[in-house]
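Reading through the structure tokens given below for one structure.
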Amino acid sequence: MFPRPIEQAPTATRWLYRVAVPVALFLWLLPLLGVAVTSVRPASDLAQGNYFGMPSSIAFSNYREVFANSPMASYMLNSFKVTIPTVIGALALSCMTGFALAIYNFRSNLLVFFMFVAGNFVPFQILMVPVRDLTLSLDMYNTWYGLALFHIAFQTGFCTLFMRNFIKALPFELIEAARVEGVSEVRIFWHVVLPLMRPAIAALSVLIFTFIWNDFFWATVLSNSPESQPITAGLSSLNGQWIAQWHLVSAGSILAALPPVAMFFLMQRHFIAGLTLGAVK
Amino acid sequence: MTGVSLDNVVKKFGPIAVIHGIDLRIEDGEFCVFVGPSGCGKSTLLRMVAGLEKTTAGKIHIGARDVTDIDPAERGVAMVFQTYALYPHMTVAENMGFGLRMNGHPKDVIRSKVAEASRILKLDNYLDRKPKALSGGQRQRVAIGRAIVRGPEVFLFDEPLSNLDAELRVDMRIEIARLHKEIGATMIYVTHDQVEAMTLADKIVVLRAGRIEQVGTPMQLYADPDNRFVAGFIGSPSMNFLDGVVDGGKVRIPALGGGPVDTGVALPPDGHKVVVGLRPQHLAVAPGPSDIVLDIRERLGGVSYDYLDTPQGERLIVETRDDAVIDEGTPVVVTFDATQALFFDVDTERRLR
Amino acid sequence: MTRAALPAASAEMPPRSRWRTHQRRLAPWLFLAPGLAMFAVYVVSPIFQSMWISLYDWDGLGEKVWIGAANYAELMDDDAFYTSLWNNVLWLVLYMLSVPAGLMMAIFLNQTIRGMRLYKSMFFFPFVISQVVVGLIFSWFYAPDFGLLYQLIEWLTGTGVAILADDRYVTYGIIAAGLWPQIAYVMILYLTGLNNVATDQIEAARLDGAKGWRMLWHVVLPQLRPATFIAVVVTVIGALRSFDLVSVMTDGGPYGSSRVLSFYMYEQALSEYGYRMGYGAAIAVVLFAIMMIFISGFIWKMWRDERER
Amino acid sequence: QDKRIVRYNADFDPAPLAAMEQVIADFEAANPEIEIQLNNFDHEGYKTAIRNFLTADAPDLANWYAGNRMAPFVTSGQFMDVSDVWEENGLEESLGSALASMTIDDKQWGVPYTYYQWGIYMNEDAYEAAGVEVPGVEDITWEEFVANCEAFEAAGIDCLTTGTKALWPGAGIFDYLNLRTNGYDFHMDLTSGEVPWTDERVRAVFDEWAKVQPYVTKNHAALEWQDAAALLVQGKAANYVMGNFAVAVFKEGGMTEENLGFMRFPEIATDIPRAEEAPTDTVHIPTAAQNPDDAKAFLAYLATAEAQNTINAAMGQLPINKDATVPDDPFLKAGFETLSTAEGGIAQFFDRDAPAEMAKMGMEGFQEFMVKPENLDRILDRLEKARTRIYQ
Amino acid sequence: MTGVSLDNVVKKFGPIAVIHGIDLRIEDGEFCVFVGPSGCGKSTLLRMVAGLEKTTAGKIHIGARDVTDIDPAERGVAMVFQTYALYPHMTVAENMGFGLRMNGHPKDVIRSKVAEASRILKLDNYLDRKPKALSGGQRQRVAIGRAIVRGPEVFLFDEPLSNLDAELRVDMRIEIARLHKEIGATMIYVTHDQVEAMTLADKIVVLRAGRIEQVGTPMQLYADPDNRFVAGFIGSPSMNFLDGVVDGGKVRIPALGGGPVDTGVALPPDGHKVVVGLRPQHLAVAPGPSDIVLDIRERLGGVSYDYLDTPQGERLIVETRDDAVIDEGTPVVVTFDATQALFFDVDTERRLR
């Protein structure tokens, strides 16, 4: 283990470390803490210039106000509507592509694989105009499924990289054993490989959830009305309305951050596994 | 009739030939072991029989059927992998019944066959466990059970015990021997463990670089090897090989000094070289004036191994049944039982008979 | 027990249908079809379409007019383009700071004390939250007059600096905001990397008398190479994709000084005063070309690893 | 029962939104078979969004602006010709003052419902604090204004405030300096690309601007216009070149008619007839509208004096309909007076009179100038280069 | 004086004691081997000597120095790990020179020492390779080279050969023996391989659950074990243990039938049980009327192992030096050399002497 375990250090160092970690954490999260505190600061505090002191009272009403006076609820709902089908769709597609690329040795295998990988890195901007036109022409502009379809397609690239490598790491004998036993390829996929991919699926689903939930660019490009905008785009436009109303902006930010943070906390192990296995955003 | 026969089978990976035309007949019910150094093609050959590798040329028959181009599933073979290849998400019972289930056998048939196999393999208490919760030996038994359940005509084993520790390996070896006795099916078994090959096989096939060196019963190979490779490969510690010179119809062995030995085999003309093979247990040492020096004596209790250096720079191993102390570095006199010596041609390495 | 108990030759012999004979050749394409189709429609073909569009003058509403390479010629003479390009370079270079910074934090946190798991997860937070939120948080942090940083600078130097209103600092300010989540990301990568550092090598080095920095440099870092590689890749991609923060924090301002290529492209193509699809596409193509350098590198390395297997 | 739906995309701030909802309610009361679905966007976002929804997901009605700002949508066929609405309802008569700005190719493309004056809003308390006499609506010259700025600086008050994060507030200052230095015709020539940006007359405008530049709120580039409004409200700034819609914000911030003052932008060149800025806000029917007939009915209603009264009273802006009444508000009265006596002409606004691309580049240039006046040459060269490309 | 001595050393991981107060003296230049079942604390003890684990209580001296709380780098020890622990990004030469470099030795000193070590270990041709490009045995040699280069007073080996295949293991074992002869440093060596322990050690320490069971030369442990554990642990195949009953000052062994045997040791009173230990090579079998059945005979050429089942359900292994065929399932008569039998207390498992 590196660095040398702190338990082996002198007591003083140990105590210093125990203090240093929370202090560092506090500094590290200072901006976030500020926002969290502001989100429960009464508007009057801001008016009086009390931006960073102790709030004069705790105003959870800010949150109520956010929901009452803005389409925040609808934004959040839209985000879920885009995110959840995307997670399911991208996983379904990439389980299959990953399986095909990991198990079979056909000639263009690597070529197809690298195409998925490369596609995963391209700047969004090069896709923007054509994808927007396509979405328009399919009459899916401003719909959750228009966004979800694109995200599914794009994330399939990333997920394929991940899934393929994961399946490749499974013992190939499992597939051979099943083949010797006379199991058809489709059933091998369904009964042997898919159950073993559960950790990968869990890891990817959290990861994709966060990616899509946090997506701003495509939300801006493929939707523009509060009825269909997800929360990132919604928050950005609310920011245009809530000038100087930092307590509302903060409350909105906290609300927008909540689902991915909760997801991260609940599925932390999977999340990190996902990052480091696939390791690309 | 469920023997296996290979007719001039060839396997190429891309341009590289790995199996160079092998002919082999394995009888119905026979236990056939493939041995050979790493990379000689044992696994490849086995996988060709299983259908997991395409056969480049030649024919493979199982029983009377030509299976050369047939899917693994339809060959009536079952395979046990070195890594067990158990499905980690299924219980032991599900693992064993999986093949039958996928091929649409009714539930109760599956259940009874699994029960039967688990009885044979003493797995009854573990049927509901996942492989993770089993020891190495138990896992290996499940892998075998999975093979048994489908009632195949031919069992294929690829180094099934090499992942077990020494003690367990002995137990499982005995269990496989018993299994073969019990179900009597044809079995092909790949290993690089001497002891497994010697103790399990009805017939050993010694492979080397994709070619068969010799086929025979264990004792045939041990006592009567066809060539130097087989002689050196079978038996542990390996046979000592020394240079010899034909001298008046006898063979002189410069390293051991002493007079020429009678051979009773057809030797090349005088002055030609031969290779003399002597098993460690057919040699004996005693301290005495000599050019040969005891380098290291390894005393294991019941038996000692002496490593000797000859003046020619050759190295000899001698197995001794006592544990007397001889100091390392002592000159020793080596005696041997000339009737046990084998002789090989220097160039072709064929046995001289 | 004889073999009679196990019915002989019960091995399955299903009929050999065409599918069964060819399934191993057809199966991969069946499995690939849906994903490949989606990817082709939404990712691959748009890349070529964009290249095509970049040769037109098009406002997104009316007719496209073929103008050949004129958009590129104009780019070569466009100050805003060079500003964006320069900012992209700044992003690339400064964003790289997240790699050593993430490493240092990972090393700092790679201990086991009570509650460490919780601490670590909290350190990850910035990475999990949306860049929009990060942008808002930092805008507020930088806000003139009352912003915490503004006040801090004012307290230190006497006059506050409105980071986001000053073309000298604005890009640095945004990059700093971007570094916050990026450092967290790199830290995660390194923490996992450190988890997998071979203990025996560390111990061997300890016996060899390596300590502290020298241990880090000679023994640990070489083992962290895969993590470093990935960290660099994601950082490069993150730097070149930087859009959200610019859009949320400054909208490219003041007077376009914080633009980056990805934002400039959007601005030209879709923003209030934009709608020059062809010109935007040309910018995207340039950005793509830059990214392609890195993508090729990555693919090349993957290909090498693949072959070594 | 099934109502006929009219979808209306708009970008109202809260107060006007309420007013428009009132107008809609009135309209629906009169036409019970029609339901208007108002879909409100944030103001800045709307300007981007309209492009998308006109082609993608067209509503039946959409807010926009008069003048050059609507030209791209007209020429690309996104807005519907509503000349028939004008004709049938005699709007050429009642909305006569806006006819020109609504006409392209002899057709009308939308209905205006409000306009508002620009000028300088003052915090009279700040004047007092700096010891400067509060000027009347028109009694101060540019020299005096600039001179006052020194007094404000001495008192630690920003003489002139603005928030240029969204760029357009800076254009208001430019427009006025330009109108006062070169006059209305020059403004129109410049925005339609007929005058080079490197022209001496343009430089003259910036020379004037340079005089107040040091006294403008320093961090304006990081501020939204509302942030700057807060500075005025708090007395940290004394003057604000803004449109009348800001009054609502000032009042919301706690100012009253007691301390909030209004004056016309001071005279600079004496020989030029006074011109003013008064942007007109309009409603249009997209070509792709599903229900244009009911949309037209609504437009006709929106053109009535009654509807314009309702909405402008709430917005604190001026109705276009000549029969409508100017709301009873000192600022609006002053504004109405100012506009109706502006013999030089009434401009829309820099970003409504100039084509979008030029507007964007120009406003960026203004912002840069306000931060770094020393870059003027570079800025003008850049704008000139853009002009030759954009107007070709 | 560079022996190693442990005085009542204790190691606890958290609350769990793993080493329970061990006293041990290892002489200067001695080759000391730790053996014992998995998890008994061999590695822990070795790592405590290395300084890689903190010593919870007790004292460790190397030579005259108390090193209990000293940094590993300063103890003058070098360690060879089971996994080799080579730095994969350095060449062989860099790997070997790394320790010297870290301690600020000049370049030419490093170069000459590395050259010296590589000569001893025959690594000259590989100095510029990365470990990845080496075979297992070469890697192990590099690991040893890295230890040699630093010229330590004490070498520590933790199962250095367990990752090598059987053949290579024999070669490397001999090489280590030679190395010890050549440089004569104190060496402590952990293994669970019988043969390595027997052949390499000057002194074997048998550990069990963190305690020393017996210390002695290989032959002492083999011939004269203190207790049943040591007797069963040393020797391969392991000693057979059978129940015996004291009967008139002699011991009757029901499983083998036959009369009571004379023991010459202090036995418990009549009727008490004892455990009788018999090594496989001290037993002999012949077909004949008996309750004992030959289960399986494994014939390895020079030697055969017979697995016998007694009516009591005990299992016996007999080593036979011939390869005559006895059919499996045949009843066999077992004879043994009573003078070779060892006796153990049933409860304490101590040897009865």
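Labels A, B, C, D and E are assigned to the chains in the order they are written; within every chain, residues are numbered from 1.
Throughout what follows, a contact is a pair of C-beta atoms (placed from the backbone, for glycine too) under 8 Å apart; a residue touches a chain by one contact, two chains touch by 3 or more.
Computed from a predicted structure; not experimentally measured.
A.B. asks: From the C-alpha centres, identify the chain that is farthest from subunit B.
C.D. replies: The chain farthest from subunit B, judged by C-alpha centres, is D.
A.B. asks: Ranked by contacting C-beta pairs, which pair of chains comes out on top?
C.D. replies: Counting C-beta pairs in contact per chain pair, the top pair is A-C.
A.B. asks: How many Å are there between the centre of subunit A and the centre of subunit E, using C-alpha atoms for each centre?
C.D. replies: Roughly 54 Å, centre to centre.
A.B. asks: Just give me the whole-number Å value for how far the CA centre of subunit A lies from that of subunit C.
C.D. replies: Distance between chain centres: 13 Å.
A.B. asks: Suppose each chain is reduced to the average of its Cα coordinates; what separation in Å results between subunit B and subunit E?
C.D. replies: The separation of the two C-alpha centroids amounts to 28 Å.
A.B. asks: Would you mind listing the residues of subunit E that make contact with two or more other chains?
C.D. replies: none
A.B. asks: Hey, what residues on subunit A touch two or more of the other chains?
C.D. replies: 182, 184, 236
A.B. asks: Where in subunit C do residues touch two or more other chains at once?
C.D. replies: 12, 14, 20, 60, 219, 270
A.B. asks: Which part of subunit A faces subunit D closely enough to touch in the complex?
C.D. replies: 135-136, 141-142, 224-227, 236-238, 240-241, 243-244
A.B. asks: For a test of understanding, state which residues of subunit E touch subunit C in their complex under the given definition.
C.D. replies: Residues of subunit E touching subunit C: 50-52, 72-74, 77-79, 81-83, 85-89, 98-99, 102-103, 146, 150.
A.B. asks: For a test of understanding, state which residues of subunit A touch subunit B in their complex under the given definition.
C.D. replies: Checking each residue of subunit A against subunit B gives 171, 173-174, 176-184, 187, 191-192, 195-196, 198.
A.B. asks: Quick one: which bits of subunit E touch subunit B in the complex? Just the residue numbers, please.
C.D. replies: Contact set of subunit E toward subunit B: 170, 174, 177-178, 181, 194-195, 198-199, 218-219, 222-223, 234-236, 279-281, 295-296, 298-302, 307, 319, 321, 323.
A.B. asks: Could you pull out which subunit C residues touch subunit D in their complex?
C.D. replies: 59-62, 74, 77, 79, 142-145, 162-167, 250-251, 253-256, 270-276
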